[in-house]
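Have a look at the structure that comes next, please.
Order of writing sets the labels: A, B and C. Residues in every chain begin at 1.
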Amino acid sequence: MRRWLVSEETTLGVSNDKLGMWVFLGSDCLLFGGLISTYMLYKDRIGPNDLGAEEMFDIPFTSVSSFVLLMSSLTVVLAITALRRNDIRRSRIWLLSTAILGAIFVGGQVYEFTVFYREGLGYTTNLFGTAFFTLTGFHGVHVTVGIIFLMSMYIQSMRGKLTSAQEERLEIIGLYWHFVDVVWIVIFTIVYLFPQ
Amino acid sequence: MNTTEETQIEESWVKQDWIYIKTALVLGAFTAIEVFTYFESVHNAPEWLMVLTLSFLMVIKFFLVAAIFMHLRDDNAIFTRMMVMGMCIAWPVYFIMAFAMGFLPNWNVIIKVLFLFLPPVITGSWLGFSFKGGDGGHH
Amino acid sequence: MAIVENEETPLELESGSEEIPAGKPLGAFTRPQGGNGWKDWLFTVDHKKIGIMYGAAGLLFFVIGGIYALFMRLQLSRPGNSILSAETYNQVFTMHGVVMVFLAAIPLGAAFANYLIPLQIGARDVAFPRLNAFSFWVFLGGGLFLLSSMFIGGWWENAPDGGWFAYSPNTGVLFSPSKGIDFFAIGLQITGIASLVGAINLIVTVLNMRSPGMTLMKMPILTWMLFIVQLLLLFAMPVISVALFLLTFDRLFDANFFNVAEGADPLLWQHLFWIFGHPEVYVLILPSFGVISEIIPTFSRKPIFGYPFMVFSGIAIGFMGWGVWAHHMFASGVGPVAVAAFSISTMFIAVPTGVKILNWIATMWGGRIRFTTPMLYATSVVAMFTIGGLSGVTHSLAAADTQQTDTYYIVAHFHYVIFGGIILGFFGGFYFWWPKIFGYFLSEKIGKSSFWVMVIGFNLTFGPMHILGLQGMSRRIQTYSQGQGFDFWNMISTLGAFMIAIATAMFIANVIISRRAFRAGKTAVPGPDPWDARSLEWMTASPVPEHNFDEVIQVERQDEFWHRKWGRNEEGQVVRRATVEEVAHDGSNTNVHLPAPSYWPLVAATGLPIVGYGLIYNLWLCVLGGLLILGGLYGWVFEPVDDPNADGHDHHDDHNEGMELEEGKNALDEEVASE
């Protein structure tokens, strides 16, 4: 007689939770695809004297925050591998670093938005502003949710509840985090770097 | 001794995780190149070349994060296929919508059709069928 | 605070245990065993209870949507009628569409999916039981939120009035100043979350929780069709989500996404809506196709004809469904290239459906057919959907469609495919699976008569609309003038609509009467397999025990249950191998560990409509709703694990302790006597 479906004995041999996160990420592609398309269609529908992408973007600043987000992907992977090795202390450090880097990214976004606003580009000023803030806003919310996940894990670790048994949960949070980073790679290139 | 053990752990984690650190360095380098092209664009480079280079770099970065950081290369193929399904639906659908709404009117229709279907078909088939990974297969 | 386990109220529900009180029956959806108190239903994570609740809610909303339709038909029965003013009529037809599509058809599909998928793949529950409960409560909250628009701020003052498709810029604040469109946008976002989350759940379930030996190509057709539906939902819901966000931001924050004066393109809404909308209609029909693909083989005593073709045509429909959306926009000015391309792709998509129709007919051909009520419904689907599909093909010719669009000809088409395809199929499914779910038969006499009333009424309602449309009667108008020649067929159509209402009432009466007759001992006990059916859900007791199956089932081939009962002797004749009693599980295994009930999904789900009301009326409500959601989610994630084997995750769901793999029950090993 054989026991079945205990822990990892699933049909495909992968955990339900991890598969569930990948399935969700597949659908999130469609969400960001829609927002990016809306931005691409609307970014030039502004008057000749209106504030548009050329005038507003500060590429050096945004490149730094892009780099920060990219590095946060590295730190979260390191947190996971450390946890796998039962190196709880190091895992916590990387976990906190990821959250901090993410927060720096979001802080950079907020700063960027306030600068735009002060220079005259609000949410409803013109279609470029609306589409831009909506797209980057959705991404920023995704990053913030990710930071909440990471900080929750960090707080758990402070209560001594972070063990190598939690590795899969951390991996799943990591997957979400990488996806958010990947979306930013696409947004940064298409929105900021493509010639206007 | 404590310090020796710690040093040993420290050496080995850098070695074990070297693949991730290496990938991060490569990603950083690509980002630097991308940003450099931005400044280059101020110096009269043709637009199509800019877009092509930037898109190429973007795709490579995307691929590196997905394959290495997200372990798609090492994991069960089903994960890759879910991601690929999402991308292969999103790309043609949203570009068809954009073209129908007047995006990039100067492109030849044939180029548009190829642009709609070739990238998803090529990357989709390659990723979908090449990443077999560990824990793979049906029982 | 999480549920705390103590001796009096154990968290795990030991199946067959006498400690669980029989509870008060809850009206029509009673089950004779297992916990039945209102708390059991409110906090359940059992896919079967959730499926029943989806079905009950779907039926209720179907009746509500039908009442809207009756009012519309009353208004249109005579020229120059004034039962409904133009403003009210707009709200009524909008609500009819929204309620029927989002609150009736989708949940009824979800009912079948939730109840049957785990059973058909031999699993004990879905992959994420609490998430499943969350989906249902979110859906219910969103549905009630939408319906509340009828009462809030006055009777029929604030219901959405832009049609179920809500075209912009009509739905902006300028042209739709009432709060109706806000209810529409936010309500559909909420129900959209339910669908998306449910899709994730079922996809993981089908991929990862199949019985040993059940490869994808051995799954029943219903499970395949429902699986494709979940994939369609997974990728289509985010698109309408984007559209609804843009609309909501326009209305609440002055965003100008659809404000032409600021440079926006109103077609953006149409594209996004229909990119969702077309896969959505395949989401609506494929479950019904799956249902009849189970009924027809059972009552023809033949396996489904061309199983691989049925599977691949379903996949083709799902895939090609993404490439036809602009056929809803032929008259919108998208330009000749787009019109031609989508015209061609729409013609192509008729092909896989045609394959299915032929396969169903071929299944019946040469079979020993029993025309029970479910079989009547299933065959009527084949016929009615063919009619609807043919009118659909006429729409694919863009030149012809330019005349047909916005007329009653289109209304006729989609009602033939929706009512004739989906609703008739679902009623067939009700009759088919009712004995399995509830443990008693629905009366065949009432069933058959209500079938005829329904089918005749349906054809009387929507058949004439073909004529009206081609004669030029416009849709979405609240009246028409006397001399236009529309009077006669409109009256017939209204009479037909009332016949449909009578048939629906007959169904409800059937439920009540049949249950009473069964409890009085006047009708037969169905047992596990009343129809001599083919798939795994019939291999366990009726009603299905809480833990589904007593043992893990080793699957060797398609229609596994059938082949355990029947085999072929040396002369190739079909002979009985084993009786149902020998093969079916009787529910007596009391050792199966089940996922524990939880109230966190309900708590979190309650927050969403509150956020919705907050966005429309008072932002402080958003804070309250947000706290409920956040608190609910945290409580959920940190709910104490009661499983001693767990590795730190809340993996109630992954464990099938107590269920051993069956030994030697494989009938293939037995000798079969010839006769």
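To be clear about the criterion, a residue touches a chain if its C-beta (ideal position, glycine included) is under 8 Å from a C-beta of that chain, and two chains touch if they have at least 3 such contacts.
Computed from a predicted model, the values in this text were never measured in an experiment.
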Farthest-lying chain, centroid of Cα atoms versus that of subunit A: C
B-C or A-C, whichever has more C-beta pairs in contact: A-C
Between subunit B and subunit A, distance of the C-alpha-averaged centres to the nearest whole Å: 15
Inter-centroid spacing, subunit C versus subunit B (mean Cα positions, whole Å): 37
Averaged-CA centre spacing for the pair subunit C and subunit A, given as whole angstrom: 34
Where subunit C touches two or more other chains, by residue: 207, 212, 235, 265, 268, 272
Subunit A, residues touching no fewer than two other chains: 11-12, 14, 19, 23, 26-28, 30, 34, 41
For subunit B, residues that touch 2 or more chains besides their own: 78, 85-86, 89-90, 93, 97, 101, 138-139
Residues of subunit C that touch subunit B when the two form their complex: 207, 212, 215, 231, 235, 265, 267-268, 271-272, 275, 322-323, 326, 334-335, 337-338
For the subunit C and subunit A complex, residues of the former touching the latter: 123-124, 127-128, 196, 199-201, 203-204, 207-210, 212, 214, 234-239, 241-243, 245-246, 249, 253-257, 262-265, 268, 272, 552, 634, 637, 645, 647-649, 651, 653-657, 659-661, 663
List of subunit A residues in touch with subunit B within their complex: 11-14, 18-19, 22-23, 25-30, 33-34, 36-37, 40-41, 59-60, 63, 66-67, 70-71, 73-74, 77-78, 81-82, 85, 87, 90, 174-175, 178-179, 181-182, 185-186, 189-190, 192-195
Footprint of subunit C on subunit B - complex, ascending: 78, 85-86, 89-90, 92-93, 96-97, 100-101, 109, 138-139
Subunit A - residues contacting subunit C, complex: 1-7, 10-12, 14-17, 19-20, 23-24, 26-28, 30-31, 34-35, 38, 41-42, 45-46, 123-124, 126-127, 130-131, 134, 152, 163, 165-166, 168-169
